[in-house]
Amino acid sequence: MSTIKIGRYNSGAKNCITDVEGVKVGHVTIDEQYESSNEFACTGVTAILPHSGNLFKEKVIAASYIINGFGKTTGLVQLNELGLLESPIMLTNTFGVSAVTQGTLQYMLQQNEEIGDTTGTINIITGECNDSYLNSIRLLPVKPHHAIAAIEEASDVCEEGAVGAGKGMVCFGYKGGIGTASRRIPYTSDQDFMLGCLVLSNFGNPRDFHYSKYINDINQDSIHKPEDGSIIIVIATDVPLSDRQLKRVAKRSTVGLSRTGSHISHGSGDIVIAFSTANKVPHFSADSFIDQGLSIREEQGIMDDIFAATADMVEEAIVSSLLKAKTTIGRNGRAVKSIIDK
Amino acid sequence: MSTIKIGRYNSGAKNCITDVEGVKVGHVTIDEQYESSNEFACTGVTAILPHSGNLFKEKVIAASYIINGFGKTTGLVQLNELGLLESPIMLTNTFGVSAVTQGTLQYMLQQNEEIGDTTGTINIITGECNDSYLNSIRLLPVKPHHAIAAIEEASDVCEEGAVGAGKGMVCFGYKGGIGTASRRIPYTSDQDFMLGCLVLSNFGNPRDFHYSKYINDINQDSIHKPEDGSIIIVIATDVPLSDRQLKRVAKRSTVGLSRTGSHISHGSGDIVIAFSTANKVPHFSADSFIDQGLSIREEQGIMDDIFAATADMVEEAIVSSLLKAKTTIGRNGRAVKSIIDK
Amino acid sequence: MSTIKIGRYNSGAKNCITDVEGVKVGHVTIDEQYESSNEFACTGVTAILPHSGNLFKEKVIAASYIINGFGKTTGLVQLNELGLLESPIMLTNTFGVSAVTQGTLQYMLQQNEEIGDTTGTINIITGECNDSYLNSIRLLPVKPHHAIAAIEEASDVCEEGAVGAGKGMVCFGYKGGIGTASRRIPYTSDQDFMLGCLVLSNFGNPRDFHYSKYINDINQDSIHKPEDGSIIIVIATDVPLSDRQLKRVAKRSTVGLSRTGSHISHGSGDIVIAFSTANKVPHFSADSFIDQGLSIREEQGIMDDIFAATADMVEEAIVSSLLKAKTTIGRNGRAVKSIIDK
Amino acid sequence: MSTIKIGRYNSGAKNCITDVEGVKVGHVTIDEQYESSNEFACTGVTAILPHSGNLFKEKVIAASYIINGFGKTTGLVQLNELGLLESPIMLTNTFGVSAVTQGTLQYMLQQNEEIGDTTGTINIITGECNDSYLNSIRLLPVKPHHAIAAIEEASDVCEEGAVGAGKGMVCFGYKGGIGTASRRIPYTSDQDFMLGCLVLSNFGNPRDFHYSKYINDINQDSIHKPEDGSIIIVIATDVPLSDRQLKRVAKRSTVGLSRTGSHISHGSGDIVIAFSTANKVPHFSADSFIDQGLSIREEQGIMDDIFAATADMVEEAIVSSLLKAKTTIGRNGRAVKSIIDK
């Protein structure tokens, strides 16, 4: 397996979003032929949990950034207003968003009996890319129970490539999907900050991929489909950033994405969600509503370390999604090849 | 029935959003006791169709504005990026969003065989308010078929009050829900422009309602619940406005809302969606991608007529939702009274 | 002098933005006939200082909100990016912005020798309304030294009406200009929060003013000019709000503005700047970049108190600008009457 | 002189923003020692004119995009609200913004006697970068007359490098400043569209520059200063784009910027202004306010051509600013070297 190393910062132990303490990832992969020989369920669900506790009762500070908005991600209106994330971040295919949101809602209602009864409602974040080249997306293969299963199987191990929501995705004409990376930012002599990233890659035209920056030799057998296509980028960190600061970090994802060769196509839903695990916000609290919390003074040094590391990490996670994804067969007998298989 | 008349512009023939030619509204009302005597399905779905043709193949120009974003409306990311609406605008309760989006997706897929196969995907707009005071929202009474039925029964008659998505809503402590109004803007000697508005009202504290502006005498029997709560405002027009101009119009909804007494509470999802039926945009076209279209030069006179009329119309639609809504019984034996019944 | 009292919250001791501890206001009024008998300098400068220390070295958290953007306010790009205010907020006429910004820059450079040499630059906020009905705005009567004088004469007394930047402004066809108000929000038994507001009012058509809500009898002698026109609204508070929370507060200004009768006209630069004096941010610091700061958990109760009080306070400040402004004569022999003089 | 060619689209005849018909550029360069031997005026002004007519009376459609907002550009509030540009776009150093805006105002007032008298006001766009490494920025060497001179000397020839506003700028540790490029997009067999770009480059750390993509060998003698620093990017086109579409184009500048090595540093004012010369909007008009105009239907093919070409063109303009800039001496005896001189 090729390995790559982008930029001047070290990665965490697993080079994975789960290097940010408490973050977990779960995948459910759907890979089934329908009775009709041309139809194939080649899709899935991926859940990113900001921490292991009750996500509704211990919210995390979060922000989103829309690189290009030709996409159907749900939940960003409230996330932007309040700067809070109170559910897992769910990823799936474009037409699976309702089913995944429904399943996640059922899960959260079951975990929290107060929701919709004695307290307010809950806001669920579901991102998507369009896997209809390989997946029979019109047949709506994703069901609510797949979302619940992805949440329940989440752990601190993160498989990459053609798994979970990444099962049917295509990137630069090759098999893409889930990729992850992390970066360690030195802070004091005995403490580092951690940044982690997970992408769902589904964009790009083969002619645009700057592959020679990453690997010597690629499989020439790419597919040529229109260059619309999307990426969902999730960023986690333990730096105590505010929602405004997280949005600034999220924007730097564009740098990493651009360096791979994307020009952010017209038909892309390129969307970033960033959260910090540092200052959790309780839903219920007996305390005064005045809190004391940690924050970062936005100085040139630390912010540029965070921004530069984010750009590197996103670029690496995208390339990793390509290097880890195996050749996959889907509907209409279509195959999308691994970039490194020969 | 009390009638009110706000501002200096005349309304259309029906004083209804369907005064904008081609716009249709459909309601499905759900009103059923569950086996448990305390649980009640007191909710519904409302569909607003921008025109009678194929909404995916003939898109309309649209914009959204977030007055306050504590809400779960879907589809705004893409609507904002492209300035286009390609589905009905669906309204329901907060936990019905997934089911309604799923049903609308099924309806649109059935109408358009190309979607998700030979052409791209579709973006569905679903707005919501929280009706959990009267409705057993945790039991998820809204199903996908309710959305399909609301679309299919849409017509140019618009019932108001405790119907469709408005069935379980509460406004200023009284029964609220669906309200509508329209305004006619003189343009030339033989042509007028039309503006229409439909609201789903679910906000406000009794002490804040400026009722004496509208009616002489009100039922004193309001409920006192927390002042969070939301409003969804849909604006239609036949003025050939661009998406930027529609957003400016949408912002003037805040003026009408403020005049009723709202201070736009912390817990509100106060969201506006505005569209114009004037310049339809084909999904498929054999023509050149250079179009000729009508547009409005933003001059003081016409824009101020549109803005002032929008403010008046939204205010009137909110008051109308109160005047038309009948006393309603819901879960836990709770009743919310009509503001005018005694 | 008529007095008014809007809403259910008490005002501070002076009912003035300077009720927020440390905030100061200074005015320079320019009222001079040019040699040409038709030309008149009827304008001025107003400075709002967030605190009495070095504003560059002790920044305050801030946000802006654009109600309508037909205006020329400077400095908002950086204020929005960083959530910080590092200069006085300056108000003047539309064509005085450059001179006032230049003067403020000179003042700040003189106070801070490091700026532009060993440290970075400085961002200055200057807001404006168009006073060209009374003021010979093309002759550029405002000079840099007027800005410096307004800063230097700032105190905790705030004169209202036709003073400073308010000298030539017109509101609802009557003499408008500077208005101020404050509100006290109960917090604990022995501590309150304070909100203060200062407006520069220059908008509205006489027919739209809801005057009967405020005063029994008005001077009928209003002027009738086009209904474009603007308002700048400055909000100060000692509540430890983040920049995102301050933006939410700033948005509630629209509620107060709407209640006076404005529909936010096409030609208006209606702009809000809000800051908190609670957590000052040092420009230079020997400390770690990790800070501990106070923050507010956004709960329904406290946020709705702040929002409702803001709406009331802005409405009252606008009405106060009318009640305090004296009949004023300007260019071309034009007079704009006080709303209460007969 | 090295030449570079980035991407698959051809450039216009001059590879310059003035390849877009009617666009003109003017520079005034200030290069004077002050009496004090350490102080140096090493700065200037650049004017970009969207067309050769009266810019106030024939406005062009425009948009802006803030890549990072640590900057002091003026005029964006109104440009964003109305989607219109009605002045030259002026570039200078950070503390020259007021003087340049003042001079441009004087120029526009002189050209248009109605402004501020019988019609409304005018909105001027001035962008800036901080040239204080070489320029004695605290001494405010830029005066209003420099802005007027830059406008008056504008032509369709565009000098690059250490000229105009670019005189004192530093990019990746080398002499930067003004760079330009253009791209031709095939439309029909006998018509092309044109895109042009002009940058003011003043950002980057030497270690981050991906120089080997562009030139074989560089001068090793870069300066090492903090990596904050900015870029102003101006994009012109004759494609009939709306303001929303222009904003989408402006966003693709980030792609080109990222590919040079920038991670968009914390301290950057990275700001894009884009305009189209296709549909001019008259300030005064006897016609109906309903216009017929050309527009582009946003299809994958044409939009991706425009987006990809924009990314390439911005990247090339940045590199060109480095290749064209000559070694420059400024305050405190400081020198910044040309990247290609040895």
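Each chain gets a letter, A, B, C and D, in the order it is written, and its residues are counted from 1.
In the analysis below, a contact is a pair of C-beta atoms (placed from the backbone, for glycine too) under 8 Å apart; a residue touches a chain by one contact, two chains touch by 3 or more.
The structure displayed is predicted, hence computed values, not measured ones.
Using CA-based centroids throughout, the chain positioned farthest away from subunit B is D. Chain pairs A-C and A-D differ in how many C-beta pairs they share in contact, with the greater number at A-D. Distance between chain centres (mean CA atoms), subunit A to subunit C: 43 Å.
One inter-chain figure worth recording: subunit C and subunit D are separated by 33 Å, centre to centre, where each centre is the mean of the chain's CA atoms.
Per-chain Cα centroids separate subunit A from subunit D by 35 Å.
Those residues of subunit A in touch with two or more other chains are numbered 68, 81-82, 228, 248, 267, 298-299. If you sketch which chains touch which, every chain touches every other chain without exception. The part of subunit B that touches subunit A in the complex is made up of residues 66, 68-78, 80-82, 94-95, 97-99, 101-102, 105-106, 109, 115-117, 120-121, 123-124, 130, 132, 137-138, 140, 228, 267, 269, 271.
In the complex of the two chains, the subunit C residues touching subunit B come out as 67-68, 208, 226-228, 248, 251-252, 254-256, 258-259, 262-267, 298-300, 303-304, 307-308, 310-311. Within the complex formed with subunit B, the subunit D residues making contact are 81-83, 188, 240, 242-244, 248, 281-282, 285, 288-299, 301-302.
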